[in-house]
């Protein structure tokens, strides 16, 4: 065979394998900062999206809280948001529900899923496994921009005639499938909502594809699976969950949209009469939506919290100066959570007309899932024993996360039992539970990650004084807000009420006022964080390559922030388990994964 | 110089005066050309029993009706058998220019004691009207025009103390039901007509004003008994008579 | 800083527990015959959850207090038990806890849902719709008339869509906006939704059950205490959800009979 | 805590390049030259495409499981399940899709030989790929014909639950097949530019065969349920 053919053959061999990851540093601004293939830039973009989303979501929650505490009080300027939703600046019931739905959707999808998973994962997973980039950079870029479009579509529903949907983030059918007959925002609002979520699912599926392949195929030499840091493990496990959960939500959204635009009857049963008019649907199954939704919905809760666990463990170990009691037990526990999360979804439907036997069937795995969670907590506590905890903002938030996770976790005991659910279902107890365990805890995880990794992402330290102030206000404020939720729930205060006209709830209004004030303060405290973020980005003191004396690969990049291909022209070779702190016979109190130093561990000695 | 000034003043004042005169006289002539239609709408037979309304779901509403229990208002018969809330309008014979004239006054559709006051409101096409609330409980106002009527339905809440909603209907429609979903018993009617209209008082009496001379078909609409028509001829400046009688079911 | 943090956690833990212990906000007193086990279950769970909450928070606080800051010359040391004890602890403590809760829970759940209504239970139908409950009593003939959804007309107070003109069974049905039941008499509540999902929740009665459109469920209960209670909707059903409620009057038998006569007259 | 004894560079673990690296314990795939520069050797670790494709297929499987359970639940929820006779063209389409899988395999054999350098002609073996592409297009067109036939029966998307599910399932599947066609086009393109990766060819064909299998499953489902 002739010369050029053999060249082809060589080309084909050379181009196979990881070539996808090798792309050259872009020069144009657009390719560098907007449509970038660089996982680091994409990670930052995700973080920015989450930041924008969380600000909107928090403002919405403020408005809701004010309305709940002082119903029918005018909120100056509210009519600017929606003239029909706030005549004379007084919030209408439908507008309250619309704000509530948007708050939940924005927070669950565009904050708690994007920030800890997509944002940090994108930035640090490839670095922590010692790769130059994700294997499919174009999919990665699409993943962000698709998600971004999903966000825009969701926001667009604020500007349609009847405003966004009021059906709650669970969008129970048939209310969500009836169109405007169901109420304001149930027409176009729901269609936009479902479209936005379906788009979001596509984005996250693309992301999960990249995360999984990165973890499995892109690890550098010496980086065996058990040498991955816990954060990397958590992102890997989360992406496995995302892959399956979002793949189920998308069909559900498609069917929901069809019920709206094509007049099908997947979710709307026969003989539905609204405003004395028989609705033109028949035979649909309302429970079908609940099954599809919660099959996604419960894993989604763990998608929000598992990355938090990983990040917090990672941050904590570095600041404890000793590894976790057991690396593997933590990994197995997170895995167990992921697997069990698919078997427990029915506990959201104990009272929804499901066969009471299946309620019991679902209640047992739900109770069992407390075992891995407890294991995680006990491992954390046990590891704190004999540590040398460095108190800085990152570690404070990590420890705060544990406290929150415990507080939110124990209330799970109650909600796992159908018999008690009779009293607590759809009350503020549930709201308190998930805000604590997946809302605030996850937020604390994000904060810990931010204060910990900011130096690597931007080459500057964040301001510790501001950071600590931010932590104290957030920690105390959070408890002030969400602990009372549980009491309200015990007293039978039903959630998703825009006002408390029910007589037995009126004595509880003072509690709501207290919560509202706490919420306003805690929310204001987040402005400190925002300021700190912006200030430190430009004026923070320059960061060293490894400011926390940490061991994992992201701290052994040649420059800070890392160069375009993360490790310069030589990929790191990994010699150690991820967390070699306080190792006997070692010069320092830590050994980086890349250092060839030969030492023995305490348990060997 | 002075004389010139005086003359101009005189001319000007003369002009003004004559203009005023013309205006006034013209007005009178026009007024003389417009007549009215008066009459009564009666019920032949015994008035149907109006069910009481149990508002116990909302204690506020109950409190509003402590002394006089609320009843349905589908057929309200006054002394002498006159039916209240019957809408009368000119269904035929109206010249285009008169039909297109839109009254300037704004009727108000109030929510009082968890009922609509008035129970039936008639408006002209494009006539502005207000929907207000006097209650200390939140209502949602939900007019449901027929599909294809060209009118677009809406559904808005009014918390206590919220400013009135001011709007119009774009097309004639007999009649648009109005609901409050929070208080399912609340229902009323918007009757959208073209041209002059009237609505009967508690004794069933009505007067359609500003009817140009001509002969018309007057239609009376009642929510339970439907419509009746009568041919009426209005002479300039005169008041024509038209009485209607609905048969009790 | 660390010690202050530890103290904060400790104080917060204690403060959070106080209202629970003092029952500052607590479930309304039970007026049902089946509620006992549910309340027991709640209390047991509260104990177990409360103890694990306090224990772990205080442990966290203590470790933060004790093990923070760099102590020169002192090497970090491991939890003496090692990972194994932790794993076993998790399994044994939580495992047994879970098992206990689960098993007792089954009891509480079973005597709500796995016991059929007594033969002489009094049937009452409740219909949920945006945004009110309406109730139907079968009347003297003891049978409910058929429902005709197309005939539903709230403007004429035909909330159930009864064909009173032609349907003998429907003629004597008594439709009310308030629910009254005789005390100490088992009620068989037939639940029907005319539009979207709703829920029937009476805290005092320890009853909560969703309405499923297109699927008529039923619950049964016995009220043991005369009084006026509130029925609220707990399933988001639209803009009026917060105001979707009705009153439940538990009366003595003769009061109830009188009430029913009065309602029959109003039909 | 596992050992921290550093792993010496295992030069003795030389593998012959032709053998596909095992996907086992992650750390031990690469051979490290003295200068420790790994990039030249990366092609011996399993290419991400061959892992990624299974990830993709997993999520597609989940989606169709969701659709299936939806169908089952919906059928049980009401008595409005009407029988629906499948358009005959579906069976033709099935045959076409199966045939396309065969032709794709033929194409793959040729291309593998070509890339391995063991071949007689210098022209790139795109013929079978084009045939596969054509068959794929034919299948999608055929599905469209099936919809037309259904419409001719007066069965529209919202006519009854059966037709709803028929349209939804076939449409979503056709969409995925179209994606596969895109993959084929890409393969042909890259082959012509001699920058085709064996892994992307394998991934594309795996996907294509899966689509075939998925379709047969769907056909059975529709045939049994509708």
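Letters A, B, C and D mark the chains as written, and numbering starts fresh at 1 in each.
In this section, a residue touches a chain if its C-beta (ideal position, glycine included) is under 8 Å from a C-beta of that chain, and two chains touch if they have at least 3 such contacts.
On a predicted model such as this, the values are computed, not experimentally measured, just so you know.
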By mean Cα position, the chain sitting nearest the middle: A
Top chain pair, ranked by how many C-beta pairs fall in contact: A-C
Length of the line joining the C-alpha centres of chain C and chain D, rounded to whole Å: 49
Geometric centre distance via CA averages, chain D-chain A, whole Å: 31
Distance between the centres, which are taken as Cα means, of chain B and chain A, whole angstrom: 57
Set of chain C residues in contact with two or more other chains: 129-130, 154-155, 214, 238-240, 243, 245
Chain D residues counted as touching two or more neighbouring chains: 77-78
Multi-chain contact residues (two or more partners), chain A: 92-94, 183-184, 269-270, 276, 283-285, 287, 326, 499, 501, 503, 602-603
Complex contacts: residues of chain C adjacent to chain B: 129-133, 154-157, 159, 176-178, 238-240, 243, 245-247, 266-267
In the complex with chain A, residue positions of chain D that touch it: 1-7, 9, 17, 23, 25-30, 32, 36-39, 42-49, 51-52, 55-56, 58-60, 62-63, 65-67, 69-70, 73-74, 76-80, 115-117, 122, 157-158, 161, 164, 168, 172, 194-199
Chain B to chain C touching residues, read off their complex: 51-58, 72, 74, 137-138, 140, 155, 157, 177, 179, 181-185, 187
Interfacial residue positions of chain A with respect to chain C in the complex: 92-94, 97, 166-168, 172-175, 178, 182-184, 186, 269-274, 276, 278-279, 283-287, 320-322, 325-326, 329, 351-353, 356, 359-360, 363-364, 367-368, 370-371, 374-375, 377-379, 381-391, 396, 399, 402-403, 406-407, 410-411, 413-414, 416-420, 422-423, 425-427, 468, 475-476, 479, 483, 487-488, 490-492, 494-504, 508, 511, 581-582, 584, 589, 602-603
Touching residues (chain side chain A, partner chain B) in the complex: 72, 84, 87-88, 90-95, 162, 180, 183-184, 275-277, 499, 501, 503
